[in-house]
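Each of the next two complexes has chain A plus one other chain: chain B in the first, chain C in the second.
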Partner chain A sequence: MSVISRGFGGRGDNDDARIPPGQHETYDFPVLSAGPTPAVSREEWGLDVTDLDGAVTRWGWPDLMRAPSEEFTVDIHCVTTWSKLDTSWRGVRVRDVLGDLATEAEYALVRCYGGYTTNLPIGDLVDRDAWIAYEYEGDDLESAHGGPARLLVPHLYLWKSAKWINGIELHLDDEPGFWETLGYHEYGDPWLEQRYVGD
Partner chain B sequence: MHEDNDHRVDGNAAAGILREVFASDVTTARVVCGHCTAGTSVAETKTYLAGPGSILRCPGCDAILARITKIRDTVWLDLSGSASWQIHTG
Partner chain C sequence: MSATERAEGAAKTESSGPASRRGPIRWLPARLRAARMETRLARTLVLDVPGWSGHAPGQHVDVRLTAEDGYTAQRSYSVASPSAQDQVELTVQRVQGGEVSTYLTEIMLPGDQLEIRGPLGGWFQWTARIRGPVLLVGGGSGVVPLMAMLRERVRSDSSSPFRLIYSARTPDHIIYTSELHQMGQTHPDIQISRLYTRSGLPDDTREPGRLRIEDLPPPGNEITEGPSRVYVCGPTGFVEHAARLLVDRGYRSSDIRTERFGS
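And then the complex of A and B:
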């Protein structure tokens, strides 16, 4: 009889069912970045929501703090094949940020400090779990992990959960983002292994 | 404006993926930044390898010079951030 230690995670036997195909569990929180880590204070931080007609609604940090927030625990999955279970965050639901603006738009292009972009269907931001997250494991979100605030859309590969978010543009058509223009999947469902274009 | 712990290495670390594209070692090539027009050797670029692809940035202004991904047996290459590349073949 062989005994396999699961370490000190204290998790149950169903963890494997929570790991999408082609992924492995990690207990670290790897930092993946395409550039220097932007140093943005909460005072400087802003989120521009751009409607279909080009009108911009700017959210500052006090606006984010006044919005209803919630604590949530989710599993996250990076396209580089690591998954991390039971990560705890605090944030504001994207649907509460977009409000009535998203009623006609079909897609969103998310922009970030540092120039990163990624694209998602609006439905994934307003009808599914999606947050502007600003706390991780009870502490202010570190800049290395996207602080002061990042997008978190746990049902898609983590490149969609843009760090250092500073804008959400609403569009009728899908406009590929930073990695989506270089061969990565336009949607990125980890359970369907939608890593690359054509998957 | 940026933190020091940003996990960059020098451009020599991108030699492998670049060799697949150009069939030669281009780390000694000279690349001109399309943003600030500064010239540098590929080896001296700020290179980020930890993400889904490889990103080479200008050591002067941090603008992206090249983006490279390997999607199965296909390399995707975006050099739109650079003004020119001088690759010595002799």
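And then the complex of A and C:
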């Protein structure tokens, strides 16, 4: 029982198999954020990794620069229905940041400058492709897109790829983050169109 | 208070939206009852949506168009009207070459159908239960969710002072022009300021141009109560610029809520 919009033909350009259902390709780089873009310099940037027992390991910018980095090209998908194909980045794998910390934890709560949070299963950060990214298309990552450094988890909707990351807390239980508290899906798989609670 | 704590508070006290329900938010068929042009580019669509149970001003819906051959396209649009049963008004501004906005502004006729899903967005919203002065800053079609808030403010018994700063290319690009004029005339606590980026009216004292810091009222202090909430909406470039100016003007980041419409 589908509702047809009379007279709608569409551009018919969403047939690339890399575009998930309900998404369309964009050539710009739109922004989804709840408030103003925080201004954080590389000098003041820090990432606190908090283990299950509360022990904190702090990563400063030089620590991130010393870690093995890689260039990678991925497709990204925003819940507001745009997808961007073949975006290229540089970053450090989250599994290299967590090291042997994440062995017992089940979930991560990611924290950011500006107070934003998001939650993910640990497996999505260490067994799948996930990075702390700091370059986009060969340049330093702009603050509007999450610079100096953001999480990038391309297999989930982009709100999970927290901008301005400054903390990863390891937990045994799942705790909803910012958008997840406001009605967005707890997991956010774009191929299953998990946009909102209950999808 | 951090944005997160505020978010949790917001979800408990302000949400009439998805956070409070169970099961998926369903797609509802909607039929165009009437439409009117607001400017040469912007059109308001009055949709009958059986089963729609209302929303909080500032929230949006996802719209889905389906072609004869099954091809679909989906976009987000803010609700322009205050909350109502079984009815939703959207205002869409056509973008050059836009797949969905061109259909909605130029092709769709009364009686035609689409699907909507919502209400969505639990953060960018205002309800009459929220006390205190409000500053709205909109660029282009970003005025749409701000208009929903203004309409709710007028309709409700709220006495919160509202100030709208609305930036548009020229006077011809101002959406809701007569309704905004009338709101400003009849409600002493509602102040409407229009700014033009390209060209203004002959007797304007302000040079046309992008939003400037002096276009923004100062935030309140202990003596004068200034805006306690600021909502900024429009194209990404506008929102980034306006939010930065607001922070420079002395507003707290945690009081500024933003909605970015895309490019």
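What we mean here is this: the second predicted complex is superposed on the first by the 184 of 199 C-alpha atoms of A that agree within 3 Å, B and C clash if a C-alpha of one lies under 4 Å from a C-alpha of the other, contacts with A are read in each partner's own complex, and residues count from 1 in each chain.
As a working rule, a residue touches a chain if its C-beta (ideal position, glycine included) is under 8 Å from a C-beta of that chain, and two chains touch if they have at least 3 such contacts.
Just so it is clear, the model here is predicted, and its values are computed rather than measured.
Asker: Which chain, chain B or chain C, is in touch with more residues of chain A?
Answerer: The larger set of chain A residues in touch belongs to C.
Asker: After superposition on the shared chain, which partner residues are touched by A:P68: those of chain B (first), chain C (second), both, or neither?
Answerer: Touch partners of A:P68: none, neither chain B nor chain C.
Asker: Once the structures are superposed on A, label A:Y196 by its partner contacts, choosing first (chain B), second (chain C), both or neither.
Answerer: both
Asker: I'd like to know which partner A:T80 touches here: chain B for first, chain C for second, both or neither.
Answerer: Both partners, chain B and chain C.
Asker: Looking at A:L32, would you say it contacts chain B, chain C, both, or neither? Reply first, second, both or neither.
Answerer: both
Asker: Taking the superposition as given, does A:T117 touch the first partner, chain B, the second, chain C, both, or neither?
Answerer: second
Asker: With both complexes overlaid on chain A, does A:W159 touch chain B (first), chain C (second), both or neither?
Answerer: In the superposition, A:W159 touches chain B alone.
Asker: In the overlay, answer first, second, both or neither for which of chain B and chain C A:H24 touches.
Answerer: It touches chain C, and chain B stays clear.
Asker: Which chain A residues are contacted by chain C in one complex and by chain B in the other?
Answerer: Common interface on chain A, chain B vs chain C: 30-38, 80, 115, 144, 178-179, 181-183, 196-197.
Asker: Touching residues of chain A toward chain B in the complex: what are they?
Answerer: Interface residues on the chain A side: 30-39, 79-80, 115, 143-144, 159, 178-179, 181-184, 196-197.
Asker: Mind listing the chain B positions that touch chain A in their complex?
Answerer: These residues of chain B touch chain A: 1-3, 5-8, 46, 48, 50-53, 55, 57, 62, 64, 67-69, 71-72, 74, 76, 78.
Asker: If you look only at chain C, which of its residues touch chain A in the complex?
Answerer: Where chain C meets chain A, its residues are 2-8, 10-11, 15, 17-19, 21-25, 29, 62, 64-68, 70-76, 99, 103, 107-109, 112-115, 120-124, 236, 239-240, 243-244, 246-247, 253-254, 256-258, 260, 262-263.
Asker: Could you please specify the touching residues of chain A with respect to chain C in the complex?
Answerer: Chain A residues touching chain C: 2-12, 14, 22-24, 26, 28, 30-38, 80-82, 114-117, 144, 177-179, 181-183, 195-199.
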